[in-house]
Amino acid sequence: MSDSNQAGQEKTTPKKKSKYDFTDDNLPLEINLSWCKACNICIAMCPQQIFEPDRDGRPVQTRPADCTQCTICWVHCPDFCIISTVK
Amino acid sequence: MATTEKQKSDITHKYLRPQKSFPSVWCPGCGNGIVMGAFVRVVDKLGYSKDEVAMVSGIGCTSRLPVYLDFNSLHTTHGRALAFATGVKFGQPKMKVVVITGDGDALAIGGNHFIHACRRNIDITCILINNHTYGMTGGQGSPTTPEDAISTTTPYGNVEKHFDPCDLAMAAGATYVARGTVTHYPQMEKIISAGLEHEGFSLIEIISNCHTYYGRLNRKGDAPAMLEQFKENAITTGKAKKMDEQELVGKYVIGKLHEDNVKSEFCCEYQKLIDHQKG
Amino acid sequence: MANKKKKLLQGNGACVEGAIYAGMTFYAGYPITPSTEIAEGCAKILPKLGGRFIQMEDEIASIAAIIGASITGHKAFTGTSGPGYSLMSESLGYAYMTETPIVVVNVQRGGPSTGLPTKVGQADTMQARWGTHGDYNAIAIAPSTVGECLTETIRAFNLAERFRTPVTVLLDEVMGHMREIIELPEKGDHEVFDRVKPTAKPEDFEAFEMTDNLVSPMPSYGEGYRYNVTGLTHDVHGFSTNRTDETIMKLDKLYNKIEHFKDEIFKSRVELVDDADVIFISYGTVSRAALQAMQIARKAGAKVGSIQLYTIWPFDYEMIKRATKNCKKVIVAEMNMGQICHEVQKVLDPSIKLETVQRYDGEIITPMELLEKLEEVL
Amino acid sequence: MSKLLDKIEIPKDRFEIRLSGSGGQGMIFGSVVLCEAIGQSGNKSVVQSQSYGPEARGGASKADVVISDNEIYYPKAMKLDLLLAMTQESLDKYYGDLKDHGVLIIDTSLVTEIPTEEFYGIEFTRLARNEIGSIVVSNVMALGAICALTGLFTKEALTEAVLARAPRGTEERNTKAIEIGYAEALKIKKD
């Protein structure tokens, strides 16, 4: 299934520094904007600064390729809006 | 099969009550949600069934937490959560009884129940989310509001002294006491887990942010700013040992502060009494 | 009858026996004169039966603990007196709102405040109806003998379980401490009612569903239903609501589940009222003085009757109206400055004069005082 | 119209006893034992009540027992059929509650001023001290006397009731006290 695909991709792209490869159409995180209250925590705490706020203050993944799946954004999201896409 | 990142990050959704509408009632960025996430991930990791967990709470922002989770939930009167929880635990000792409470709920109106639950060493895990203020009623001073801090009832600075909930619990006889902050997520999961697994009364104090009232009145900024301050002001127990009292003012000593596995637990002792008396 | 086990018991002790008979397995309490023997009795007997006794830090914690225990499936019980009952008021309201069956015995003493701890009173009668804030319907019952302390406590548990509501048993200091030889009931002598458990699957379960008799089946924690219990006004699922229709539904349910079935709750002893010129109305220990006065007065040729209320709340207005229709005067006797007399007045025919005998000095009303009043009004 | 109060009388099926003395003389214990002895001796109804409170320790102490073949309505004494007074204070306080020709039993080792000729005087305290070596059993001795004077219950029932409630190791003392009280009362019993 797709799991093995991604695992395969990981090995064949050694030039990426991050653990996972996130191309533009394969975002590292799925964000449930209908639950998001725009608290800014994910944006501020992300060590790779992959987010930028939209005009309502909600996170947009502007530098997805830098995501290291460190978990900081989703463990600190008080509203359970952020889910990893890595299967 | 190893859990994937997607599964790990999605655990919380397995425990949210399907009948409740989300997002929660809390302000954007409220630490209560962070603690809630940590709690369910710990429960999942420990493998407790939903039916065996009872969450008891009193009144306050924090006390709204159990209603969102698909466990047995008891939302009680202000300050009395530990007394109700004592009835639940003593009535059904096989249940994992967790009290979610705030600083006002547990230490002011519920102060007496707090010290007596500690004294009895009844196997309840008390997660005290300390935001130094009364959030639900709009930012009044609480027993943990620091000296000089501004609240709506201490508009010229707090002249009262504050409680240290962990010291209080230790002195009163709690057998597991630990402190964390909403910023230190892995450590928070660790102490909640240890508290749940500990047989006896455990107090888990989580320093949390009320940027809406406490933060605004004391110019501490928004939620991310407050979380950042917790990071700066948190001192691990190891480091704290090397610091003097003056240096520790305004700091949060985080980590396991006390553990006693010798002192007997109340329900076990009573069961022994029953077994003996029934003969 | 002769074969039954007899025992010399105090009223407080008989309450314990009654509670045990009814299946009580959990007691939480705080010592207070003149109810302490209830706690002491429970502390002694419960562990022997596999039940649980805990002395809490105060009465607030005591009622909280029994509500918690009731939700885990215990028949739960506490005993107290006026000051403790006042402290319990808040969580008593919680039990009304969450429809949690519990039994609270209030061994009344003189009040207000600390009052007369070792003396008798009946001044918590109105508090038993209106003690906590908000709208609700309450059940309060009042025995008058040691034997009735036992049987009425059984009835209190049955009513609590049947209606999913707190029930207050109003004793007083004299009754709590007086001793009588009573027959201990054997299994089967009295009906014991257990709360109705849900039969719905957990996924279809509504914790506070509307049923024909307005009482929702009640599961215990740990049985797979995982429902929410809150003191906030809540919908049928147990989740808080601000909606006006759901609020009305909830409060109507709390009120009507008792109001519509009050015939099951009423209990009174009506003696010789048909030809009576004067009727005593009383409850609790005072009823014994009233019956005594009636007996003496009848022997002396006066046409006197007596109504004793075992169920005080809900108040049986219809019965009072019916039973007093032929009399000329009614004497309400109570150990307070006038509480139940106002309820009686509400339904009394305007042609009937209401008289009262009241005592609030910490002493029991005597038959002689009632006879003196009788002479005055005859 | 009046006259109701002139016509009334206390029901004859009631027998009302008051044990009175000072706190510590065991009046309440005595009344409880009395109830149990009566309970064992048949199908009578009994009600016991007591003065209760801080003043019961040290000051005057009293306990009422009402006995009847029928349902007992009023649980306290109205007009005493029998008064036991172990102290001068209790006699002064309660003598007025005794009905005409009621049985009055007095501990004559402690009570000296007696307002009537019609009484049974036994030196319970002195006898207890001299014959048994402990004044603690004077209350039980008085019960022995009540047994002999009223016949409300048997001596065997009384002994059984006392031994069931008394602390272990005091059986002999208590049995002896009952015997002495019983015998002393028989000596002075009027028919």
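For clarity, chains are labelled A, B, C and D in written order, and residue numbers in each chain start from 1.
Rule of thumb we're sticking to: contacts are C-beta pairs under 8 Å (C-beta built on N, C-alpha and C of every residue); 3 or more make two chains touch, one makes a residue touch a chain.
What you see is a predicted model; the values in this text were computed from it and never measured.
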Ignoring chain B, which chains remain connected to each other?
A | C, D
Dist(centroid_CA(chain A), centroid_CA(chain B)) in Å evaluates to 29
Distance from chain D to chain B - Cα centre to Cα centre, in angstrom
62
Between chain C and chain D, what's the gap in Å when you average each chain's C-alpha atoms?
35
If you average the Cα atoms of chain B and of chain C to get two centres, how far apart are those centres in Å?
39
How are the chains arranged in terms of who touches whom: line, ring, star, complete or other?
line
Touching pairs of chains, all of them, please.
A-B, B-C, C-D
Looking at the complex, which residues from chain B come into contact with chain C?
17, 19-20, 50-52, 54, 56, 66-67, 70-77, 80, 83-92, 94-95, 112-113, 116, 270, 273-274, 277-278
Per the contact definition, I'd like the list of chain D residues that touch chain C in the complex.
1-2, 4-5, 7-11, 32, 35-36, 38-39, 43, 45-50, 52-54, 72-76, 78
Listed in rising order, chain A residues that touch chain B in their complex are 3, 35-41, 43-45, 69, 71-72, 74-87
Give the list of chain C residues in touch with chain D in this complex.
2, 6, 8, 34, 117-119, 145-146, 173-174, 177-181, 285, 288-289, 291-292, 295-297, 299-302, 364, 366-368, 371-372, 374-375, 378
So, in the complex, the side of chain B touching chain A is made of residues 4-6, 8-10, 12-13, 16, 22-24, 26-34, 36-38, 41, 182-183, 185, 222-225, 227-228
